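Two complexes come next, and they have one chain in common, subunit A, joined by subunit B in the first and subunit C in the second.
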Partner chain A sequence: MVGYDIVVIGSGPAGLAAAASAYKEGVKSILIIERDRELGGILQQCIHNGFGLFYFTQDLTGPEYATRFIEKVKENGISYKLNTMVLDITSERKIIAINKEEGLLEIQAKAVILAMGCRERTRGSINISGTRPAGIFTAGMAQRFVNMEGYMPGKEVVILGSGDIGLIMARRLTLEGANVKMVLELLPYSSGLTRNIVQCLQDYNIPLYFNHTITKIYGRDRVTGISFAEVDIKDKRPIAETEKEVACDTLLLAVGLIPENELSKKAGIEIDPITNGPVVNDRMETSVEGIFASGNVVHVHDLVDNVSKESEVAGRNAAKYVLSHKKFPSIKVKTVAGHGVLYVVPQIIHPQKMEEEITLYLRVKDIFKDQRLMITIGTEQNPKPIHSIKRLIMAPGEMQSINLKREQILKGIHVNDAAGIDTGLKLTVYIEAKGERKDE
Partner chain B sequence: MNREIICINCPLGCRLEVTIEEGKVAKVTGNTCGKGVEYAQTECLNPTRTVTTTVSIKNTLYALLPVRTSKPIPKDLVTKCVQYLRRIEVKAPVRTGEIIVENILGTEADIIATKNLEAL
Partner chain C sequence: MYDVVIIGGGITGCSIARELSRYHLKVCVLEKEADLCCGTSKANSAIVHAGYDAKPGTLKAKLNVEGNVMYSRVCKELAVPFKRVGSVVVAFSEEEVADLKVLYERGLKNGVSEISIVNQEELRALEPNISTQAVAALYTKTAGIVCPFTLTIATAENAYTNGVNFFFNAEVKEVRVLAAHNGRFGFLLKTRVGSFESKYIVNAAGLYADLINQKIGGEPFSLIPRKGEYCIFDKDQGYLAKTVIFQVPTKMGKGILVSPTIDGNLLIGPTAQNIEDKQDTTTTEQGIQEIITGAKKSVPSFAMQKTITSFAGLRSVPNTEDFIISADKRVKGLVHAAGIESPGLTSVPAIAKMVREILEEEGLRCKRKRNFHPYRQPIIRFSELSPEKQRRLVRQNPNYGRVICRCETITEGEIIEAIQRPLGARDLDGVKRRTRAGMGRCQGGFCGPRVIEILARELKIPLNQVTKCGRASYALDGKTKDSGLEEKGGWQ
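Showing the complex of A and B:
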């Protein structure tokens, strides 16, 4: 069996940044395993610009952003295997992978970084009645066809879902000569960027209907049309009287992404039911020692810049884990999503051994204007405020991040509190209820 | 003339009411900050867009090479630009940043490759 210090599974921005930062930290024996035929992950099909505004303060396209990290990996001489699929990982960090040339591979790693990204939700996960004809694609699949392979999925298109992928594809297909008839969104707002609503839909006069969904799909061999209807805002059920038909030969589903965690489950890693990704600590280590994770496999990101940043934390700490097997104890603090907050990543913080500063990533449950994000630390009965930030706007589609210094966290707790033991300490992030604060 | 546009500079997405008189922006309302006024100026008088699309490529892993304009071009030339590029074909190898078409449609923007594609 071959061995490496660190094996990275997946070569999207998460895997590439993690590998590069582990290398920088001093680990040279690194292998990246990628099932696709090139490095770069989903970015290679995202040919539009809008990437890297924060990380590089430059407006790059997906492939340009990927190229910068690919070149770094190649310059460092980090090894990688393409067209190789990881089938299994054990909690002892043994990896089983397969490719055409070498057959079945067994690889032992001292540390593993999971960077498998997401997969798209399909029709099965949303439930539309009707026939099962050809012409139904997930938006990402269509993106790959149009941008890489060079064929069009169809001519008369309806798109379900107004997240960024749906919006970007509406423009792309229009520019390639298709007639995008409408974009339907179940929610009363879009989770996509305003820039994309303006530049992808309004520029081309493509209508966007909020509070609408597809009720039926027609066609035997190929889609011939759909029915759509307005939904009741409360229970999301279609209102029968509003149902209309529209002819189309193609339906794109842009109904969200789910972290790809079949492998994580096989390794016995604890999964957070809200993020659908592994529970991680401040070093991006999962519940299984020596197995780290970052990027879309942990939680769905909207900005690749955050993926890179988070993955550098994973890479650096995987390297530290390999280089020094020293274990030192620390209090364990659980992060909690309070009022208005859907989730917080990382889920666990070890204040005494965390890095100088950590970034908390979170999503809010609704649109909040001009509100404060509050952070407290302590026991359930005695939470002490340690930080608060005012934000002009927070929306579910836009991930929020908060930087916290180690001292800020340590200030809120007694360091002498029994080390290593779960002391019931919680770090809670919540949105201040209006009127709660009187001093402003 | 009045126009309603959405400012795209930040996630707030303010709805701007823009009054245009004699080819100039006379008044902007609805903006939360100064950037909104600036945006109203360019968007109403001289809207531009960065174009990202593909051209055909031979002799490599994929059928298409992703490309972009080196700077934003006038908005009403976007469709024409994409149509023009549909007829272009290049041959691998190509490096990121390589110029594929110079001065596209007289805009002074170049079309550049956004990906390295090796020859097979």
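Showing the complex of A and C:
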């Protein structure tokens, strides 16, 4: 059995940033484990630009963005293993991994950072009726074929789902000479970034139909066509009279991402049923001591910039955990998604041991225009407002972030002797009901 | 000249092939698809029934009970995972309890052992997640679960090892009955891959057995496709059923069941709908709704978002209401094994034996081989080995150190073996059915590109010639615009 101070699982943007920031914090014994043939994760197949606008204030492609971190990792001499799959993690941070050269590996880590990212939802998980021919791809799989293997998934394409990957692939396939006939979206809005709707669909005259879904797939060998229909806005069920057929040889599904937490579950980590990722605290530590997590394994992000930022928190705190085992108690505050908010990450804050500032990430449930995000802290009966921000537009497709200073949080609570105990304190983020406030 | 040509590479045809491979006979199997197990055998409930369903005196009743008993040995010889998990038929009212008693009596008449009626409490002990509405159940310990792909492929592999020839993409286009003279008879079968002469034909063509029979001129029978739709769930839902959970049967079949699969998933279904088109394996919104509603009645707590996939299979329902296993009355030398609907999978070991006996009665001389080898080596399942064995295996063959399918932990070594072994995989579905790569929760999202690559490499074909399931089911189109550079010698 070999030992490392920190083992990072996954070398996508989350793993790379976490490793780099742990190193910067003073831990030198770090191992990154990557299952693919190179570092960088999915960024390597995202050859479009738009990465790093916030983090580097530069417009980079996916591989360029990854390279910046990969270089840092290599400069620092951080160890990594490629083509290596982690098979198991225990709550005692023992990792079983495997590769061709070394066979089965047993690695003991003082701290683990989970950065496995997410996977795509499939046709099966949304139960589209019809036949089961070749020519049905998840958007990310198609992206890998086009950008990394140099093969086209097909010529006449329909895309279901207007999330970012769906939009990006609409443009990518168009540029490669395919005919992208339409993008269908079940919801009345896109869950992708506005800039992608403009730059990937509108610029190429690809129609986007909201409130529409695929009702049937045709074809025995390859896809020969699909039926699609408008859905009832309320129950999301297709309206039969609106059903139409369209011929195509390829169907791309961009119907959502699921954090990949099979390993986390093996380690006994508590999973949030809304985010499908581990419950984490302000230091990105999971419910199992010494196991940290960041990036899409925790909750699905839209911008890699946020993944990097969040992962630095994980890396830094994993390093602190390794370097000083001092435990000092703190009150526990649970974050709560209030009115209009789907979830808040982190789920737990320890105000007395948190860093100077934390970023809360959250998603809203619907489109809200010109409304306030309110934050209160306190007991259920006695919440005190500590912060509010006005946002011109909030949409489920665009993750919201709020920075909070430690003093802001501490001000809202009575620091008493209840340290370490769950005092029932809650930090609630909600959208102010319209009309509640008239000033401004 | 073959002694016997078997038409159909499903579980029935393959089991008959294996049975005949015990004797000094020249036998071949003609399969119209590119692989084994592509029709009814691939999409069913995957259950080895106890045998209380069929009417006493029918072939179904007799062969079910016989087949069930034979399963332990067959699966042991072929190294096919098989578990006798037992089954319960759940009653939700006192009237249905009366139906259970009828089934119980029938089971006794059919010769089913270890059968009893359990009360609500006993049922809950067996099935902690059963609906609170369930009042009693018929419990049989001998029912089991098996993977029909593994069983069919294993059976065929073993038949092949014992000398049976297999031909794929070999749809029988025409059958000529050669002139009978001097008491001899025979057939000429024409396919795309060649012509075959044979003394006997076994018609195990599944749903198409009636059409094959028509081509040969046998006494007419007809088969109705009866569609059954299913949903399969993530392994984390597998705990919800310990036994095969049935409801009280209706005229159309055994109703909606909830069952664990041999690989640990949860299976619900099927619907039962008579259709016309023998190729219509489409799933429908109504069908899926029907099985969800039906399954929730037995086990209310499965999570729909944990669906891995849905699929439909077609049962071949004979107009005679019983298996058609007999020598044709019009055409000498033609033997049918048709209309093998439920409990067909259970019955096949007994069906194979019966078909061999019929062939003997029809004059086929079956002389036992001394060197028949009943055992088959399974494809190594890396994830099921002990760490020590895993270590040793990777040292011997590093391909076992590369995990290709992360959901099911399938290594490159396993996939290469699945392609290279006799009657090996030729397409994505073939790899999936032999190794489970792509059968997990991400449905090939991760391993798909890698499996395509391995298939292309091992079969020495370009990537875009790899198919999902033979024919023209190409997984990919041509190359991208820029990759033309590679063909000119790559980047300099």
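We adopt the following convention: the second predicted complex is superposed on the first by the 436 of 440 C-alpha atoms of A that agree within 3 Å, B and C clash if a C-alpha of one lies under 4 Å from a C-alpha of the other, contacts with A are read in each partner's own complex, and residues count from 1 in each chain.
The rule is short, and it goes like this: contacts are C-beta pairs under 8 Å (C-beta built on N, C-alpha and C of every residue); 3 or more make two chains touch, one makes a residue touch a chain.
These numbers were taken from a predicted model, which means no experiment stands behind them.
S.K.: For A:Pro153, decide between first (touching subunit B), second (touching subunit C), both and neither.
M.R.: second
S.K.: Figure out whether A:Pro63 sits in contact with subunit B (first) or subunit C (second), or with both, or with neither.
M.R.: first
S.K.: Who does A:His48 touch here: subunit B (first), subunit C (second), both, or neither?
M.R.: first
S.K.: Per the overlay, which chain contacts more subunit A residues, subunit B or subunit C?
M.R.: C
S.K.: Using the superposition on chain A as set up above, list the residues of subunit A that contact both subunit B and subunit C.
M.R.: In subunit A, positions 149-150, 176 sit in both the subunit B and subunit C interfaces.
S.K.: For subunit A, which residues are in contact with subunit B within the complex?
M.R.: 37-38, 44, 47-49, 59, 61, 63-64, 67, 147-150, 175-176, 193-195, 197-199, 202-203, 392-393, 395, 398
S.K.: Using the touch definition from the top, list the residues of subunit A that touch subunit C in their complex.
M.R.: Of all residues in subunit A, those touching subunit C are 35, 83, 85, 87, 96, 98-104, 119-120, 122-125, 127, 129-134, 138, 140-141, 144-146, 149-155, 176-177, 215-216, 220-222, 238, 249-250, 262.
S.K.: If you look only at subunit B, which of its residues touch subunit A in the complex?
M.R.: Those residues of subunit B that touch subunit A are 5-8, 10-13, 32, 49-50, 52-54, 56, 61-64, 66, 68, 75, 78-79, 82, 96, 114-116.
S.K.: Touching residues of subunit C toward subunit A in the complex: what are they?
M.R.: So the residues of subunit C touching subunit A come out as 231-232, 279, 281-285, 287-288, 305, 307-311, 387, 390-391, 394-395, 398-399, 401-403, 406-407, 409, 428, 441-446, 448-449, 453, 463-464, 467-469, 471-483, 486.
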